[in-house]
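You will see subunit A twice below: alongside subunit B first, and alongside subunit C after that.
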Partner chain A sequence: MKDWRYWLAEQRGTLLALGIFIVMFVIYTSNHPAGFTANVVQTAANKGVLLAFVAMAQTLVVITAGIDLSVGMIFLLTNCLASWLVVGTPTQTALGVVAVLAIGLLCGAINGAIVIYGRLQPIVATIATGAVYYGIGLLLRPFPGGSVNEDLADALTGRVFSVVPASLVVLLAIVLVIWVPFSRSVLGRAAYAAGSSETAAYMSGVPIRRGKFAAYTLAGLLASIGGLFLTFFTYTGEAAYASGNSYTLFSIAAVVLGGVSLFGGKGSAIGAIFGALAFRTIGDLLFVFDFDPLWQPLFQGVILLVAVSLGAFALFRVRNRLEWFL
Partner chain B sequence: MSETTLGGITGRLPKFIRRADPAVLTAFACIVLLLFLGSLYSRSFLSPEYLLQQLKVASFLGVIATGMMLVILLGQIDLSVPWSVAAGAMMACAAAAYGPVGVALAIPFGIFCGVLIGIVNGIGVAYLRIPSMIITLATNAVAQGLMVVYTGGFSPQDSATGAMRYLATGFAIPGVPNSVIIWALIGAAMVFVLTRTGFGRAVYGIGNRERAAYLSGIDTRRVVMIAFAVSGGLSAFGGVLLAGYASKAAQSMGDAYLLPSIAAVVLGGTSILGGRGSYLGTVAGVILITLLQSILSVMQMPEAGRQIIYGVVIVAMLLLYGRAPASR
Partner chain C sequence: MNSAVPLLRMEGISKRYGGVRALEKAELSVEAGSIHAILGENGAGKSTLIKIMSGVVAPDEGRMTLDGREVSFASPGAANKAGIVCIFQELSLIPELSVADNIVISDPPKRFGMIDRRAQRRIAEDALARAGADDIHPLALVKDLPLSRRQMVEIAKALARKPRILILDEATSALTATDVSKIFGVLKRLRSEGLALLYISHRMNEIAELADQCTVFRNGRNVASYEAGSKSDNEVVELMIGREYSHIFPPKPAAAPSGAAPRLEARKLSWADRLDNISLTVRAGEVVGLGGLDGQGQRELLLAFFGVLRGLSGEVLIDGKPVAISSPAAARKDGIGMALIPEDRKTEGLMLPMTVRENLSFAALDRLAKGGIIDRAAEQRLIDDMVSLLAIKTAGLDIPVGALSGGNQQKVVIAKWLMRQPRIILLNDPTRGIDVGTKQEIYQLMRKLADAGAAILFYSTDYDELIGCCDRVLVLYDGAVKRELVGAEITERALISSALNIHGEESPVGLGASA
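Entry: the complex of A and B
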């Protein structure tokens, strides 16, 4: 196969997600009363990047054929923590940011240690650790409140050169600093290999344990970046159970829309980012078409149901019925 | 683990202990330990009234966990429990608003709604081959969306019917709450189905290896589908009972039952990978979780602390006996 065709086949999911996002965004802006202005883009970007960070976190774990049902709770916990720590002088703020990210990293590492070295099933283990993280978040913020360094918050949620949303710039930087090096490193390859066939990877001497551990740990870090950004947007910390749950749920939806295989070994975080942006835009379409906001949960649920059912088309390619049972 | 030395020790023990699953024994041992710790804290902990009250509270979780266990035995999971519970409760209460016929049909209608959710899950898992974790999350979201649209985002005003209240709080036999009798009946039916019928054999077979079950002539997809429908129906029935207990339905009444129901099944020694586990273990798990919750609330532990202890206990107990075999 020629190089570019190989590349196209590999990136099909990502490109599809990009296509869906562009179509949805064009529909969204063309029906928006304000039209395609820097303000509209900024608002959409700020809402989108929150989910994009959580979806990136989910992608890393899903690639290893696992699942992290605690991402939403890490997101909440770091939000509550940031509303205490990211305040004061620039030095204090910087230390606060580092501390928040370190806690996110630690949460991810705990998940990874329990799943990989404790050999527990990721579903049950991360539901349980998610309860712990939520509990800690609730201890930190029994009631919504707190504050954040507003200069930093405004800088990161505003616009660069009054055109480009700063949050998108940060998202791009995070992709370049975390995702690109990871996916090209030995550990990243190991994570992919573990997801695609753990036995084969083990037999060929790939460091699957370290690869999976790195994936879970970085997932915690990415979720905590999301939590930081939530604090920058809302200026407060809040431990809302429903919000954490829905971010976990939406991250799975975004990952599926972004062409990442839930069976592991296939897909990229960039696809998941476009999946997240597309998912958010679809949710916002209801507002520009003047629907009752009450319908939004149902609408998002149906989109999720349809998105996950699309995977069933692969069944038509099955030649042997035994392949139904993986 | 060396089977021979262990066999030498256990060989001298009575037969029923030798045959018991170590996980089930551990769970029962933890129940005794919790009761002991509780009795140190307060003398009334061992009184029959308190224990019966605990059993009554446990029965709601028990009904829901029964359905969850069936699905987990298949090697799947049902994450649509929260809104199946809420949908069952809300729809039963809603039906009660439509005159005498509605009142009569309230309970069956609530269960029917849960079965519908379960059937969608079953179609997704069995026929479309979508991972159960994903499709049940999606149906949970859809059920939530439907309920939000139906109730307008507020707790519904309809209240539970007399029959629902009677099932949840009445006493058909003096001294034994009705909900405990219901749990016992459902549990007995589940034990019968799992151990004495072809369907039960098929469930264990599919949990062990679906390919092998398929090749030995079991219609595995139908079995999976039925199991999810039963799970949805039992979740909704649990919701109906809860609505009867609280005499009305509430928005997020089911949220508190997802983690405990999974935890009860898994702590009772049922393998999360499927194919292994007994109903006795689930009973132990349900009582264990309920006692833990009760002790934490007696000690006036705030919600945050309860969540933390919950998660830690589940991880710790799973690390004790729920670990996957070492790789290769």
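Entry: the complex of A and C
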């Protein structure tokens, strides 16, 4: 009856990320003038879920031993698109949401097709497609503007039963509807297998291509859900290059914090979500401790470095030096 | 007992890789309910034949019929569906997934479109039990298992696919003796259940025990088929190598040299729970073997000498003087002059995509360089020497080393270290999965190096090698030296009984027996 040990070993990255997040969030709320109130939690959640969605997207691709440098740009593009389409009557709004998600899915599918069937390196392919997606976004919104169905926006960024942030409920729903089925499906397993050892997976008759394609495509979808939420928070669309880039980079940071291996084959989107929430809390911590916001990038960098090094501490325990290179 | 129509028939199969002819009009018939052994040197075409059969590569010409119907497989998955399952020499397990995930990987049980983990667990437990490996936990990650356990998982995975034709390509090479006997039991049962088994191995005794039919391949053709047991080992080896089979092993010197301080000495080496108080000596001119079941600490011992392990306790002495070797770079320095021929040439011995020339000179670059610039002429001379000394068969020095056959790759690994003229040579199962001809050359080379004054410590999983090559053999069990066999004491019987620790009466208390 040592099954739980294996479970624990498997979830170690996720639990560590959860731990880091809880510690930071407790420090944050206990130093917040308002304390642990529904309002504080709601604001934090709304900021956190944006990165959480993009980080989930990144996780799917990283699991296949790839990387998606276009997630931030899909996030921007769908934000710009939503500021045109998610308006009007409930029916029009619903169609708009569907259209935005479909475009996200399409962006992901294009990435997947180029990487898998074009056999390009993921890093190169997604830099290129990312630039294209940003370009389209810029054409859609040369200047910040547009609008969104405010009823929907307020409902999804508000609170359920006046306590639970609605954005967290949506995040949970997305985890249950997308991540859980994916990770337990044959395609999900194929994605893990391809990331861990592509030759072994091929030799075992695993549907590698379909698995990877599904991962890239769903990554596009998740990034577009992030883009929708960005629109709900800001009520506008904006093709802000710097913001897109930082979401891409932060998504990688969140993924690493969340215990997902950049070498592929290992990790969970749930870990990446906690990684994202923890990463966001760093900024809030600086706020409650009255630091100049100018310090934020420096602090985020240092925290990230420390977190990544935590993983490397395992190397000090390695007694067979050959394991350094595994 | 055998039906008249063969289950699988291959006719006129040819395959070329570039200019190299791997198979030339090869024929093979496989019958249900029998074990068919395939023999041949590396490069004889066995691997290509299996790859064609299991859908990894497509033949250039020829036809393949299954149950009398012509078939061709586009992928390993397609071959699996038709009931042909291959256990490859290079493992096909996915390291980051669990044992159970791996066992059902090609066709996981599903419920509501998702993988049914409970059913998966049941299938995995069942398959592990059928393979006689129920000591492996289905939730363990494959990367955490030692090589021999992984091999058992590989076999369980093949069984879970309910094959009609099961191909085992050197599937026992990494297994312990206990596992091998378990697997043999499983294979015999499968035969009685009506499966066709194809068994590829370099180990004659395994083939003698298992096979009903044997087919010998040489230079891409099947040169002979015969009922198992109708030919002597010598005859079979002659068929394989196509030349007179003389003594495989070079003669040993009359008496082990002694006198001077031993070249290499260990005093009470211990490391983690893998090495337990090991003391040994190797003199210049001596070949000392490490025996025992696989995974009893032999590899760790070699790595310990080579400076790879941290937190080692005990003492290592070179020429009677204590030394601290902190890395492979330190181990190869002039005062020590150690070389390690690693177990896995593909990851630890060679950089496969780089050229033969580059691979050969890596370990000796510092000797060939003057002021940081490589002396090309000196490099070329040394490389030429090595290529002719070891008779490395290569189309050129500037082709990727990955394009050479397994035996020749191993020669490159050895040559690379010989370029430094090492005084102490550690060999970690250097002949695993390579052909008889190359093995023979390696044995002779080892003796030649010892005669020239090197001290050689040689780990092998093949008892015949230890008997044929070594002046002394230390048998390890559970990280400790259980027995030292000298000269004529080195017999198969002695090796096996001490490997299994059957002389256990004197086994002292508290020697780290974890059971």
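The definition used in the following text is that the second predicted complex is superposed on the first by the 309 of 326 C-alpha atoms of A that agree within 3 Å, B and C clash if a C-alpha of one lies under 4 Å from a C-alpha of the other, contacts with A are read in each partner's own complex, and residues count from 1 in each chain.
Heads up, the rule we're going with is that a contact is a pair of C-beta atoms (placed from the backbone, for glycine too) under 8 Å apart; a residue touches a chain by one contact, two chains touch by 3 or more.
Remember, it's a predicted structure, so these values are computed and weren't measured experimentally.
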item: Which superposed partner A:Tyr202 touches (first subunit B, second subunit C, both, neither); value: both
item: First, second, both or neither for A:Ala242, with subunit B first and subunit C second; value: first
item: Contacts of A:Val302 with subunit B and subunit C, given as first, second, both or neither; value: first
item: Partner chain(s) touched by A:Tyr192 [first = subunit B, second = subunit C, both, neither]; value: second
item: First (subunit B), second (subunit C), both or neither touched by A:Asn320; value: second
item: Touching partner for A:Leu294 - first (subunit B), second (subunit C), both, neither; value: first
item: Broader residue contact with subunit A after superposition on the shared chain, subunit B or subunit C; value: B
item: Which superposed partner A:Val163 touches (first subunit B, second subunit C, both, neither); value: neither
item: Overlap of the subunit B and subunit C footprints on subunit A, listed as residue numbers; value: 199, 202, 321-322
item: Subunit A contact footprint on subunit B (complex, rising order); value: 77, 124, 128-131, 133-135, 137-146, 148-149, 152-153, 210-211, 214-215, 220, 252, 255, 258-259, 262-263, 266, 272-273, 302-312, 314-315, 318-319, 322-328
item: List of subunit A residues in touch with subunit C within their complex; value: 2-3, 6-7, 9-10, 181, 184-186, 189, 192-193, 195-197, 199-207, 261, 264-266, 318-322, 326
item: Subunit A-facing residues of subunit C, complex; value: 56, 75-78, 80, 88, 90-98, 101-102, 105-106, 108, 110, 113-115, 117, 137, 139-141, 143, 157, 271-272, 300, 303, 307-311, 327, 348
item: Subunit B-facing residues of subunit A, complex; value: 67, 114, 118-121, 123-125, 127-132, 134-139, 142, 198-199, 202, 241-242, 245, 249, 252-253, 256, 262-263, 294-302, 304-305, 308-309, 311-312, 315, 321-322, 324-325
